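Next come two complexes, and both contain subunit A; in the first it sits with subunit B, in the second with subunit C.
Up next is the complex of A and B:
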């Protein structure tokens, strides 16, 4: 394994041996450590001192199940703090097979132009991005596929070229769609600021990664495989496989925790029309190219993705998952799946994080720019972003920015990042994760919803405060480990309930990294990664005042439970430090 | 003296005896202490928990010379930290004569409408703002004058109604123009968020404030008067009286410290055309209603203001002062005084801070929205703000916001506030003030330029770093005292050079407040005020990372001296704390 240091100012790639201190890191653990070590904390995220890091998880390129995750890290132009976002994609596996521990992108091209970096087993090459600049990613990926038929792609979209903080880093799915995103925090804009438009990753001629300890690896992955294939949430024909993540719509609506119309209610009267169950029905009824149970990378056993089809059965977009469905649906008072699918397609094409944009449109509706429920108006907003109008620049910078532009007080963000699809006032533990995660409001940073709503890994009243600090903390730490492993976070469901699955995860990672972790080491390692991330944020100027809920949630009661966010500041500080 | 607590939610004013701990405070000292005591530091500046404080200086309403200052304070929607901005206006004197120590504005009207608060010696009254809402301030002041011919006005303009962070709080000058601003930091938007559109202050029937110690007051003010009338900068026919503050254009240009084209050079080839000397010539040549040596409030001995006239001699705007002239001129590559005057008029009419908007236009030019030097294009931008277009909302939120909207890296702000007319790389001490002031980049917070450029109060090489930390610190502390006294900051020139003037200032304040300050107590008191301000910022989430220059000034060399901002972080932390 090696580092590829991509020096954009010289258009040169330097291969570096991986220094000792990074060898037992990968994925998020690696990107976060590299950010702390190499990025000046007060640097402008789009300036010449900023860097972008791309690191596949520890298991990427092995035969471990559901392990095709790749982490992207940098200083976020959305939060101005540390950021890791990850995606499931065949590209993760190709990077692993190519022996690339991390791509470190630094500097800016002297000519101010955009470039393609091609990476194969034979080396690297820079090519001009030429007329692919400015193109939507569906068209761009189509053209790239013609030139590089055996490769996968890492890209930033037209939104990133405009330096929008909603711009994600795009990968491709199994069939080459520009649909798998390290979406959050605007890292696409960082990539664009480096003058790097595409990375073409061709793993042709490489072999799967052979773990250092083959026996342990086999033992561990078998245990984990068994757990995934057994658990009700992740097994074939289970919840995720049948309905996708959108199965959560009904569950959260029932719990009164589905944020509706810019977090003004926890229940949406149109929930059934955008639910996972209805989504699956529509896909099956329409027939044609639509499908549920679609996987984002080879070797995934869970297959929670889908392909949503138009009324005539032709493919519309992959995929309509819970967060996108909610953000562009209930959060905007919209109950029209076709409109939601169209907005997801627009996000994918423009290279935009669906969550942040959905939260942004909710804030724009709050500001009175358009009415809640106006699906047509919401779809039309994408033209503003595509054309680069002033309004497009406001929306494209995210929810907090849009709130400030129009003087909106009710803005559901933490550290400048829009809240995902769980209302903190109704699900207190996930609120703690939003508020205390170094990433800003991020449900994947510590998914206590498993316990609070899904009764996986235990059971807790979502409205209760007691015990939730410890729960959020443990989830945040375990997540930092999983995000390092390269496993999909959804293995959390089986390993929370099935002890041998948890053991299997650790054994398989030990087998590859040469670590000797026990179960107790998982949270210890996670805590260390979090400490690096918090240290970067501290040096960047964040304090405990940044670990606070949006003020309006402290005094505004949320229907249907009619309560405020009542977790005391001291409890938040226990998780993240005072 | 008493507090008027203006409860906008009940449309009620409560008269409160001034609590003991506030009795020896006034102006900035009072507003800053009240902010720390009454505003939750993490409150949204435009939300229901925010408050606005208006406090005349200690000497307002007395016969002390050049003492017509009034402080406005609150949590800034521009910096999200503490803010005090002050203005020279007859309204300050009326407030003093009415015995009002401070207006404390809190709550929000339940009906979401705008109100006028009328304050006279007989009491207070709320009136609907009616169709004055949305009107430019020249028209609005004209109409108010018809209804309240003997009153002065405190107002927020149309920009504030749009919740723009460039919106200042407007007062009136001696002849009733909407031209005297507590401009910086967006406090106009805070006023608008409280539903308070105008405060009509009528001092009719009141008497000048009689100082507690009349003899000491007389002695002190006479000494100060003598100093003001003697010093070359402030005396009748002296620099400020003859050319206004714009006399600084040539001085700074000569020193290579006149920020030009968004802080990309310290020298502007068109400086002579916008200089104070040329400005005075134009006014005199055109004749008619134009004048130099205009005063902003009765009793001012310095009279640095002016009335700029159109080519036909009719009044265009009052006043073209250095900061406005520079911000909308050299900083945008514009050398056309008539265009600059028109933009100042637009700012006054819309209720906007000229400095912040000039810096913003410079950033917009950097972003490529229009070309440097495009005076016509710059003037046209005001239509965007007036009409409330999306672009108007971007520009109206200030320089840092505009920079983020368009991904600009070269943004000359500290704590989100645009830098005034002195380039830190060429005048190191004032840079320290910008960087370490709790107010954000603010030249009035510690005007070391006096020593560095004007050789007043000593002499120091502007490019030198040594000794500048102590200089900036002493200036910041003394300024906090002067901003509390109600004296115009320009008395700093005579009192720096003339010891008896300094004594006179202290004696006159002692005579009114009942303090027993000696010379040494001035900086001690100022340090205490600064400590309150820093404490609020700390609780609001600011750290030493917020006491840093814009990153680009650390690596980009500024012509003509071709140096970077090389004051070490440690020196900055010595001033403001680590």
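Up next is the complex of A and C:
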């Protein structure tokens, strides 16, 4: 394995031996450590000292099930703190097979132009991005596919060219769509600021990664495979496979924790119309090119993705998953799946994080810019972003920025990042994760919802505060390990309930990284990664004041349970180690 | 007798057309009816049920239904 240091100022790629201290890291563990070591914490996220790191998870490129994840890291132009966002994509596997431990992108081209970096087993090459600049990603990917038919693509979209903090880093799915995003935190804008528009990754002629300990790897992956294939939520025909993640719409709605109309209610009267069940019904009724049970990368056993079709059966977008569905749906008072699908397509085309933009539109509706439930008006806002109008620039900078621009008080963000699809006042533990995660409000950073709402890995009253600090902390630590492993976070569901699956995960990672981790080491490792991330944030100027909920949640009661966010500051400080 | 509004979700929808529909269904049950009795009444195999919410709160299968309760019944589900 090697580092590829991509020097944009010289248009040169330097191959480096991986220094000893990074050898047992990968994915998020590696990007976060590299950020702490190489990025000045007070650097401007879009300035010359900022860097972008792309690192496949430890198992990406091996034959381990559901292990095609890649992490992208940098200083976030949205939160101005550390950021790691990850995606499931065949590109992760190609990077692993090419023996690339990390791409380290630094400097800026002297001519101010955009470039394509091509990476193959034979080496690297820079090409001018030419007239692909400014194009939507569906068109751009189509043209790239013609030029590089066997490759995968990493990209930033037109939103990133405008340096918008909602811009994600895009990867292709199994069939080559620009649809798998390391979406959160504006890392697409960091990529654009480096003058890097596309990375063409061609793994042709490479072999799957051979684990150092093949026997242990086989033993571990078999245990994990068995757990995934038997657990109720991840097995074939289980809920993730049949309905996708949007099966959560009804669950959170029942629990009174589905953020509705910019976090003003926990129940949405139109929930059923945007639920995973209805989504699957529509896809099956329309027939044609739509499908459920779609995988984001080869070798995934869970296949929670989908392809949503238009009324005539032609493909509209992949994929309508819970967060995007909620952000652009219930959060905006919208109950029209076709409108939601169109907005997801627009986000994919422009290179935008669906969560951040959905939360932003909710705030814009709160400001009176358009009415809650106005699907047509919401779709029209994308033209503002596409054309680069002043309003488009405001919206494109995210929910916190838009809230300030319009003087809105009810702005659901932490560290400047929009909250995902679980109401903290109705699900107290996930609120602790949002508030204390070094990443800003991020559900994937410590998904206590599993225990609080889904009764997976235990059971707890979502409205209770007691015991949730330890729960959120344990989830955050375990997640930092899984985000390093390259496994999809959704393996957490089976391994929380099936002990042999948990063992299998650790054994397979040990077999590849040469670590000798036991179960107890997982949280210890995760705590260390979190400590690096917190240290970067501290040096960047963040304090305990950044580990607080939006103030309105302290005094506005949320129906139907009429709770405020009542987790004491001291408890939040304890989780964040302040 | 108590009137309860019942919603079945995901893979449980197949067991009862009304309760599995978008609007759920109203069912009248005698005093002392537990959630587990409701499963039998609707023909839902209990081993396929993961949990039920009553008025937005987790309730055990032995919870006795009250007039006006909203009951949501789920198989194992997940997402993110």
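The working rule: the second predicted complex is superposed on the first by the 578 of 578 C-alpha atoms of A that agree within 3 Å, B and C clash if a C-alpha of one lies under 4 Å from a C-alpha of the other, contacts with A are read in each partner's own complex, and residues count from 1 in each chain.
The rule is short, and it goes like this: a contact is a pair of C-beta atoms (placed from the backbone, for glycine too) under 8 Å apart; a residue touches a chain by one contact, two chains touch by 3 or more.
None of these values were measured; they are calculated from a predicted model.
K.L.:
For A:215, decide between first (touching subunit B), second (touching subunit C), both and neither.
P.N.:
A:215: touches no partner chain.
K.L.:
Which of the two partners, first being subunit B and second being subunit C, lies in contact with A:234: first, second, both, or neither?
P.N.:
A:234 sits against subunit C, while subunit B stays out of touch.
K.L.:
For A:312 in the superposed arrangement: first (subunit B), second (subunit C), both or neither?
P.N.:
The answer is neither, since A:312 touches no partner chain.
K.L.:
Going by the contact rule set out at the top, does A:10 touch subunit B (first), subunit C (second), both, or neither?
P.N.:
A:10 sits against neither subunit B nor subunit C.
K.L.:
For A:570 in the superposed arrangement: first (subunit B), second (subunit C), both or neither?
P.N.:
After superposing on A, A:570 lies clear of both subunit B and subunit C.
K.L.:
Which of the two partners, first being subunit B and second being subunit C, lies in contact with A:393: first, second, both, or neither?
P.N.:
first
K.L.:
Look at A:175 in the shared chain and tell me whether it touches subunit B only, subunit C only, both, or neither; answer first, second, both or neither.
P.N.:
neither
K.L.:
List the residues on subunit A that touch subunit C in their complex, please.
P.N.:
231-234, 238-240, 242-248, 250-251, 254-256, 266-267, 272-273, 275-278, 304, 321-323, 426, 443-444, 447, 449-450, 454-456, 459, 461-463, 489-490, 493, 560-561
K.L.:
Please name which positions on subunit C make contact with subunit A in the complex.
P.N.:
7, 9-11, 13, 22-23, 50-51, 53, 55-58, 72, 74-80
K.L.:
Mind listing the subunit B positions that touch subunit A in their complex?
P.N.:
Its residues touching subunit A are 40-44, 46-49, 77, 162-165, 189, 193, 389-391, 393-394, 397, 401, 404-407, 409, 538-546, 548, 551-552, 555.
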